[in-house]
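Look at the two complexes coming up: subunit A is in both, with subunit B in one and subunit C in the other.
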Partner chain A sequence: MAEVALSAVGKIYAGSVPAVKDITFAVPDGGFCVLVGPSGCGKSTLLRMIAGLETITMGEVSIGNRVVNRVEPMDRDIAMVFQNYALYPHMSVYDNMAYGLRNRKTPEPEIAARVAEAARILELEPYLKRRPRELSGGQRQRVAMGRAIVRKPQVFLFDEPLSNLDAKLRGAMRVEIKKLQRQLGVTAIYVTHDQLEAMTLADMLVVMNQGVVEQIGDPLTLYERPATTFVAQFIGAPPMNMIELSPGAAPPPGLDGVQSLPVPPAGALLGIRPEHLAVSADGEPPITDRPGDVDLDLTIDAVEAVGAETYLHGRLGGVGQSFTAREHGKMLLPPGTTRRFIARREHLHLFDAATGRRIEARS
Partner chain B sequence: MVENRPLADLVSHAILILGVAIVAFPVYLALVASSSDPTTIANGQLGLLPEGHLFENYWKVLFEGTERSTKQPMIVPLFNSLVMALIISTGKIAISLISAFAIIYFRFPFRHTAFWVIFITLMLPVEVRIYPTYKIVADLGLLNTYAGLTIPLIASATATLLFRQFFMTVPDELLEASKIDGAGPWMFFKDTLLPLSMTSIAAMFVIQFIYGWNQYLWPLLITTSDDMQTIVIGIQKMLYVTDALTEWQLAMATTILAMLPPVVVVVLMQKLFVKGLTETEK
Partner chain C sequence: MEKRSYFAGRLLPYALLAPQLLVTIIFFYVPAVQAVYQSFLLQDAFGISTQFVWFENYQLLFADHAYYQAMSVTAVFSILVTALALSIALLLAVQADKNLKGAGVYKTLLIWPYAVAPVVAGVLWLFMFQPSLGTLARGLHELDVDWNPYLNSGDALTLVVLAAAWKQISYNFLFFLAGLQAIPKSLIEAAAIDGAQPMRRFWTIIFPLLSPTAFYLLTVNIVYVFFDTFGIIHAVTNGGPAGATTTLVYKVFNDGRAGGDLGGSAAQSVILMAIVIGLTAFQFRFIERKVNY
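Coming up: the complex of A and B.
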């Protein structure tokens, strides 16, 4: 069990732009850290540097207070689960799990005990003699997990382990991974581009974009107080609505209540999450407008009902910017109707238009 | 294709049977000839059915030799050919595997140059470089040895290319997983790459065994003593005898014997051979 600390870590591939720049954070012992970001943001490169599969161009990586920049992957006491599982196709499930232990000269009875234990936890006992190609995707994924846990490493590294599975299995495996990590108490670093996976798994979420860290924190903090427009739009589905506000100028038609917002001279972006756009259903009394709330008149042009909730897409004032609102239950408004949506002042997010940074709300 | 057209079936079968007949009939005739006695052949009375001298002829050719030409039992050149074909095929596979491994998995200076130099040797088969190669082998004192017979034929670009192509399709994650599992380069080669290459190796073995077995020009130059001769040369010597009749029944028996080892290799390795050339399993 160990803490993983990165200090000013950077990676520059020969003769090209930096892939990862100046990254500093520490994952506490037993913590579950998720690196999330769009493809090409450097999250996998960062993970591979921690694993020792990429050289570290700048900064230091330490695992359990030991700087591992120059330590071979096998000596870093880590285990990694790959996106395409990377199981040895010619070995049985048992041998796949035992291979790493054999290379470390673990005595054979000890190997048998550890593999049996892992197989029990992962429910792989009936498949130990099979080859990987005789298993389903979810089973292969579990073998890859088994290969990681038999080693009893200090750190688990996951490189998009669920992205080759279908949606249903992905949900189930997500829960299993979380339970397993809790149960074993091993520090985990997990790379994904799926914000849902990131939100549900992480104790500590690191959002990356173009090689730099946008924000680090626990998932709900990132959801409630995104530090930048990038984080605001990346975390949450459907993404946050954003509208530009210029100081002094009149707000676009259909948007009320924004005059009192502290818009800086360069302009600002007002962000409202779809789930925070409230509208009263037919026959219900209208929602009362409190001071500081923002009102939007949206003309509905598309309705997506998924059962438990309804996504309403509408244009501001009928012709302006498109907004998405997420309402509970059925809210089947016919296209063309105009409704007044209300966003509470505590649910407003304001960002500097020039820097993309969050402007803290007035008290 | 699932079609039911009797005429097309008939025609295609006829063509196939004709093809098989063209290939197989001469072999059958050789078998018939190897079972007859010298006078029948000399008088031009060879029929289409085997005669009774089969075992006698084979025994003679294997352990006694012909009466007038070489006077040498053919078991010796058969053995020489087998040794040569085995050394060439295993040697080629071993060297090609290692060089392809180096080219794909190691970053060293002039890696690409090394690959292109190997590639260029495709244009330099033994026939092209025969004089310098002969000179080198002769100066090294390797005439009439298995080393002289095989080493110049071992270096091979074709097998290196095949293994290089195969290694390039092995996912990088397998290498990375091995690294994390604590396997060094040699263990990765032995534990992961070799088992995965088994089918390609089998295909290569079949091709190179036949290549080695059929060598004619090089053994002709390099071997002078009778006990180092290969079977192809043995047949040649039987056919061209001066001042005597060619003992056709014995020559044909030798031919049949010479055809057997490649056939055995192909039959034994057929499954792996086809797999190695067509499917890749990773």
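Coming up: the complex of A and C.
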């Protein structure tokens, strides 16, 4: 078990723009860190640098207090699960899992014991003699996990391990990975572009964009207090609604209660999550407006009911910017209806329009 | 699921197959049948009288010491050429697969020998190793090596083996390189993380995954050394000295064309055909089983 620490890590491919710039963070021993961001943001490059599959151009990576910049992948005491699983097609499931142990000259009886243990945990016992091509996607994924756990490494690295599975299996495997990591107490670093996976797995979430870190923190903190507009829109589905506010100018028609917000001279972006736009259902008493709350008059133009909740899409003042609201239960408003939505002042997010950074409330 | 097209008419599939079948029939089956028929005939040197003699040609062949010599020369020659051509090509392909500077030029240059006609290849190697004029032969003499492929049967065999292998390396190289490039990079990375040193990675991961390619090349190379090396031998040694480089296919030519023994030559080519068919069948039956996926 070990802590993984990155200090001012950067990667520049020869004659090209930096892929990763000045990344510093530390994953505590036994922590589950998720690197998340859109494709091309450098998260996989960063993971591969930690694994030793890419050279480190700048900065230092250390695993368990040992700088590993010049250490071969096999000597870093890590195990990696690849997106395409990278199972050895000519070996049985047993041999796939035993390969790493055999390379390290582990005695055969111990190999057998460790593989049996991993197969038991991952429910792979009936398949040990099969070749990877005879397995389903989920089973291959579990073999890849098994190959990682038999080695008892200090760190698990996951490179989008669930992206080749269908949605249902992905959900199930996500839970299994988290359980397994808790059970083994191994430090894990996990790369994904799926914000749901990121939110559910991480103790520590690192949001990356264009080679730099946007924000680091626990998932709920990032959700509740996103540091930048990028994080605000990347974390959460459907994404946060954003509307521009200019200082001094009148707010767009249909928007009330924004006059008291501390809008900087360059302007601001007001963010409201869809679930924080509350509308009164028929027969319910109207939601009372408190000082500092923001009111929006939205004319509904599309309704998506998914059973437990309903997504209402509407335009501000009938013609303005489009907003999405997320309401509990069924809320089948006919298109064309105009309703008043209220966002509580504690649920408002304000960002500087020039820098994209969060403006903290002064109260 | 495999995609398949279905044709409405019954004639169209046959029509589409016809050109290939025609070529095979005219240039393979007809000559093969003719050779079998010819091998039962005895002709005088001027082609005036022909006699049907059943298996006499075969009986004479198996009583001939020179025929057994040709068989053993062929065995040594084919094992050496195949082993050399495959192993050197594999080594070169592994190097070319790395991210070398100028890998493109390197690949192109390696492919060229395949475009050289066998006889020309033979002449080139002969030039280099001709005992009195050849540059490399002189170098060998200066190193006190008593090199003379015209007189020394070992030297002659070495020379034709080198020339024949050199020409086949290009073809093998191309296939090995394609095979290597088809191996997903993540497998190699996984093996590196799994603690396999480069040599071990090669023998436990890369080579097994290349085995279908290697098997295919083995079959092609065997056929190559048995039949297509004729031109090289003809240009370099004429089968000499004293039959030291006379392989089965060269003997077919020599006895039939130069010796005028058409029946005996036909009998030899029938036997040669049987050997190659047998070897290929053996490879498919036994070696292919050990080949992965």
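To be clear about the criterion, the second predicted complex is superposed on the first by the 363 of 363 C-alpha atoms of A that agree within 3 Å, B and C clash if a C-alpha of one lies under 4 Å from a C-alpha of the other, contacts with A are read in each partner's own complex, and residues count from 1 in each chain.
Keep in mind that, in the parts below, a contact is a pair of C-beta atoms (placed from the backbone, for glycine too) under 8 Å apart; a residue touches a chain by one contact, two chains touch by 3 or more.
Computed from a prediction, not measured in an experiment: that's the story for all the values here.
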Subunit B and subunit C placed together on subunit A: clash or fit? clash
**Prompt:** Who does A:179 touch here: subunit B (first), subunit C (second), both, or neither?
**Reply:** neither
Q: Mind working out whether A:120 is in touch with subunit B, subunit C, both or neither, as first, second, both or neither?
A: neither
For A:129, using the defined touch cut-off, is the partner it touches subunit B, subunit C, both, or neither? Pick first, second, both or neither.
neither
Scan A:73 for contacts with subunit B and subunit C and give back first, second, both or neither.
both
* Asked: Looking at the overlay, does A:90 come into contact with subunit B only (first), subunit C only (second), both, or neither?
  -> both
**Asked** Now for A:290: first (subunit B), second (subunit C), both, or neither, which partner does it touch?
**Response** neither
Quick one: is A:100 in contact with subunit B, with subunit C, with both, or with neither? Answer first, second, both or neither. both
After lining up the shared chain so the two structures overlap, which partner does A:330 touch, if you call subunit B first and subunit C second: first, second, both or neither? neither
Both subunit B and subunit C touch subunit A at residues 51-53, 72-74, 78-80, 82-84, 86, 88-90, 99-100, 103-104, 133, 147
Residue positions on subunit A within touch of subunit C in the complex are 51-53, 72-74, 78-80, 82-84, 86, 88-90, 99-100, 103-104, 131, 133, 147, 151
Subunit B partner, complex, touching residues on subunit A are 51-53, 72-74, 78-80, 82-90, 99-100, 103-104, 133, 147
Counting only contacts in the complex, subunit C reaches subunit A at residues 184, 186-187, 189-197, 200, 204-205, 208-209, 292-293
Subunit B contacts subunit A in the complex at 171, 173-174, 176-177, 179-183, 187, 191-192, 195-196, 281-282
